[in-house]
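Presented sequentially are two complexes of chain A, the first with chain B as partner and the second with chain C.
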Partner chain A sequence: MESTIIKSENFNAWFGDNHVVKSVTVDIPKNSLIAVMGPSGCGKTTFLRCINRMHELTLGARTEGSVRLYADEIYDMHPILVRLKIGMVFQHPNPFPNMSIYGNVIAGYKLNGRKISRSEKDDMVEDSLRKAALWMEVRSTLRRKGSFLSGGQQQRLCIARAIAMKPDVLLLDEPTSALDPISTSSIEDLLIELKKIIRSS
Partner chain B sequence: MNAVVIQYRKTKSTLFKSVVIFFSLLCTVPLLCILYYIVSKGTKEINWHFLIRLPMPVGEAGGGIANALSGSVIIVLVAAVIAIPLGILGGIYLSENKDKKLAYWSRLSADIVQGIPSVVTGIVVYFWIVKPMEGFSALSGSLALAIMMLPILVRITEETLLRIPNSFKEAALALGVPYHRTMLKVIVPCGLSGILSGALLAVARIAGETAPLLFTAFGNPYMNVNIFKPMQSLPLMIYNYAISPYNQWHNMAWGAAMILLIWILLLNILTKLATKRWRVQL
Partner chain C sequence: MDNTLIGQPEKPLLKRRKAKHAMKDVVYEIKKESRFRKTLIIAAISLIILVMAFFITLIIGSIPSFKALGIRFLYGKTWDPVNNIFGAYPFLLGTLITSFLALIISIPFSVSIALFLGEYYPKGWFSNLLKNAIELIAAIPSVIYGFWGLFVLVPIVRQMEMKTAVLPYGVGILTASLILSVMVIPYAASMGLEIVKMTPLKLKEAAYSLGAIRYEVIRTVIFPYAKSGLLAGILLSLGRALGETMAVTMVIGNSSRIPKNIFAPGNTMASVVANEFTEAAGSVYLSALIELGLVLFLVTAIINIAGKSIIKRFSKM
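Our next item is the complex of A and B:
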């Protein structure tokens, strides 16, 4: 059995008086692809957002219980640190419209003010886009704005942006719900590919 | 439906269209008249010497508006330097904290300041700055103009930023980007075209203000680039020359009015270009 990466115990979340997530206890093993399923409105998104503390952007959100990343309590860490280790891809593709495709992939570094050399950047962009199965489609248009891509390509760009940060955990909040069936299956294939890459390395 | 009814409806619809077109054309008449008048009066005054020479005493030909032109540029520039950063920061606060009490009050006060007559702003600055410093100065003029620019900038920044979807902010924060960098490197750049055009429009709006400068920058017949001393500006010069009894000065006022008009026109064109250049496809 592989070790646990995320461990939540008796985790609850509220929006105002609305009790959304009700005592969730779950162990998520390392290097695995886990799907959370349930009817709409059951708190899947909320639970995911609580894992990287994105729920704190919503007014009136409140949580109880514990979520651990390895041995560290997420709610004792600084949210910025949590989000650097736990990446997220959202329901709707949201590449930064003011940046090129290239800029979007390294956005996590650029926006955090981390200095990396030109060749490191180039390598990282190629590597991340390859992992996100987007490299072949965009390698000649890296300098164009990300918003020119199709919805499915934009979502894969967002995945590339998230994995460029080399997070320990990647949260995907229904990343294909806004996409057509072909883009959906290509992203699902991509996720299975990603799991293989991570396991083999 | 019979043919007569349809014909009647068609006629009504045509009539309505013609009325709308007629009145929209009517709206351009004052603009065209003003433009025609200023251009016909002003063009013959304008030449290279008019721009680079200082005013001459009455009776001597060949005076210029160099002091007014440079003064206007300096006063407006200093006003912009004061107002633009404050306005943008204020706008960011308002767009980020829509429902806070402080936001409500600062939004309200921005709207009220926008409605204050410019001459009142001028008087207030006179008592705040000019009297304690014991002298008119270009800086006090800039301050009065900055006060007039501020609410425009705050509101335009706020409205621009409110149109930017929240998902980009979430995307940046989810990458572990601190809040201030998210705002300055993602959200503000996304709204840059709107903010920039707002800033340029605000500059165009204050460039022609006369009243607040009357008792602040005061005017100066000589060349001056020291912002702590009285300084001439185009609107002040137009005002002083237009009410003078000399025909020659009247003509110079027309020339200066034309220059001011060209300046504001250029700013408007620049605004359009800036909007295009920095537009971000959301």
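Our next item is the complex of A and C:
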């Protein structure tokens, strides 16, 4: 049991009257890369969003059942805390257009008002960008706006932004669906690399 | 064989006739299109002509005053119709002070309302109530604001002034600014609300997924996105404040002297024009009022153009 990071039991989700996720029971082991597959509209995204409680932003969404992170029930925790521990990368790259590449990577710390020193910031930006395999491409343009990057680079920037927060779990909602084949394969390689160096699912 | 030969000429003829018919329809459609476009162009051009006509009328009307007073009109500090001395400076100052003061008072409210309705409570009975209230504020005739100001706000301000060291007029620059600030809230609020609502969901989600609280999402995602729109709304309300006449003239005190402080009575350009037009006896007096209108027109135009360039610069960032 020690090696299970996410444990969902009899989990259901609704949007209004639409029953989207029907009694999902699954154990996700630590340090593993798990893919959820299925036809479109079967509730993959909804299930993922329920794990870090992003569904609560949608009006009329409700859930039933339990999802645990280690031993803690996610639905008893504060949603902000849940999202700090469970990071997410979205279907479409969404770097903050008003921030530089550097600012985007540390955006999580800025958004939470956490003070960190200059050198810590620099280290974190380099480390996260290296893990996201983006460092070599952007190290000379860190001060430029993130929206100048290509789609694939933007998505890797979003991955760097998510892993800079050092989450226990990283949720990826079809991160390559909006990208070309080359970017897709580079992101897939990246995820396999990531699995080796950090805990993720 | 013969049969087909006899039969054949009929068919193409019929087809040709049909084709001819179709051509006619197309020609008719094209004509309709060009007629429609001409109507649009006429409407567009007549608006430009109208604005230019306004401007030219004001210029021609203010020639006698300009001949008599020259550029002194702008910085002259006395307005004395009896002795034919016309200096617009007190009113220029009054207009600018009341408008900007009203803007400063109204900005916190209009931005808060825009964020409240755009992000926190976009739906529900309370937000509907608030939206209707905003629309109503914009729809109320300004004379009613003037009445309310005269009977409610003026006594309150007077009470307040009695407790401090200033002369308790009640009417004055501050009272006019307070009334104006209420009147201009809808413009900035409703425009800001639309922009706040347009903030892309994916950016908000990105911030939320990093564990941000709502305040931080507003500060770092929505505000940078919506700032040019908010600014445009504020500019719109400034334009409204500059030109507002009725409500201002009822509570500002209508004094031609330069106001010593914001509690003192003063006057604005629009208010002077409205008040004194009927009693303008001499031709120079009348012309001076028209020139006052011209100055107001120019001030409004300049602030509009300046504001637009600021918005342009902001939205590039």
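Just so we're on the same page, the second predicted complex is superposed on the first by the 196 of 201 C-alpha atoms of A that agree within 3 Å, B and C clash if a C-alpha of one lies under 4 Å from a C-alpha of the other, contacts with A are read in each partner's own complex, and residues count from 1 in each chain.
We take it that a contact is a pair of C-beta atoms (placed from the backbone, for glycine too) under 8 Å apart; a residue touches a chain by one contact, two chains touch by 3 or more.
Just so it is clear, the structure is predicted and the values come from calculations on it, not from any experiment.
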Combined model on chain A where chain B meets chain C, clash or fit: clash
Contacts of A:Ser147 with chain B and chain C, given as first, second, both or neither: first
First, second, both or neither for A:Pro175, with chain B first and chain C second: neither
Partner chain in contact with A:Gly43 - chain B first, chain C second, else both or neither: neither
Which of chain B and chain C A:Leu84 touches, first, second, both or neither: both
On chain A, the residue positions that both chain B and chain C contact, one per complex: 52, 54, 57, 80-81, 83-84, 87-88, 90, 92, 94-98, 107-108, 110-113, 158, 161-162, 165
Chain C residues within the chain A interface of the complex: 123, 200, 202-213, 216-217, 220-221, 224-225, 317
Parts of chain A lying in touch with chain C, wherever the complex brings them together: 52, 54, 57, 59, 80-81, 83-84, 87-88, 90, 92, 94-98, 107-108, 110-113, 158, 161-162, 165
Of chain A, residues touching chain B in the complex: 52, 54, 57, 80-84, 87-88, 90, 92, 94-98, 107-108, 110-113, 145, 147-148, 158, 161-162, 165
Residues of chain B defined as touching chain A within the complex: 165, 167-178, 181-182, 185-186, 189-190, 192, 280-282
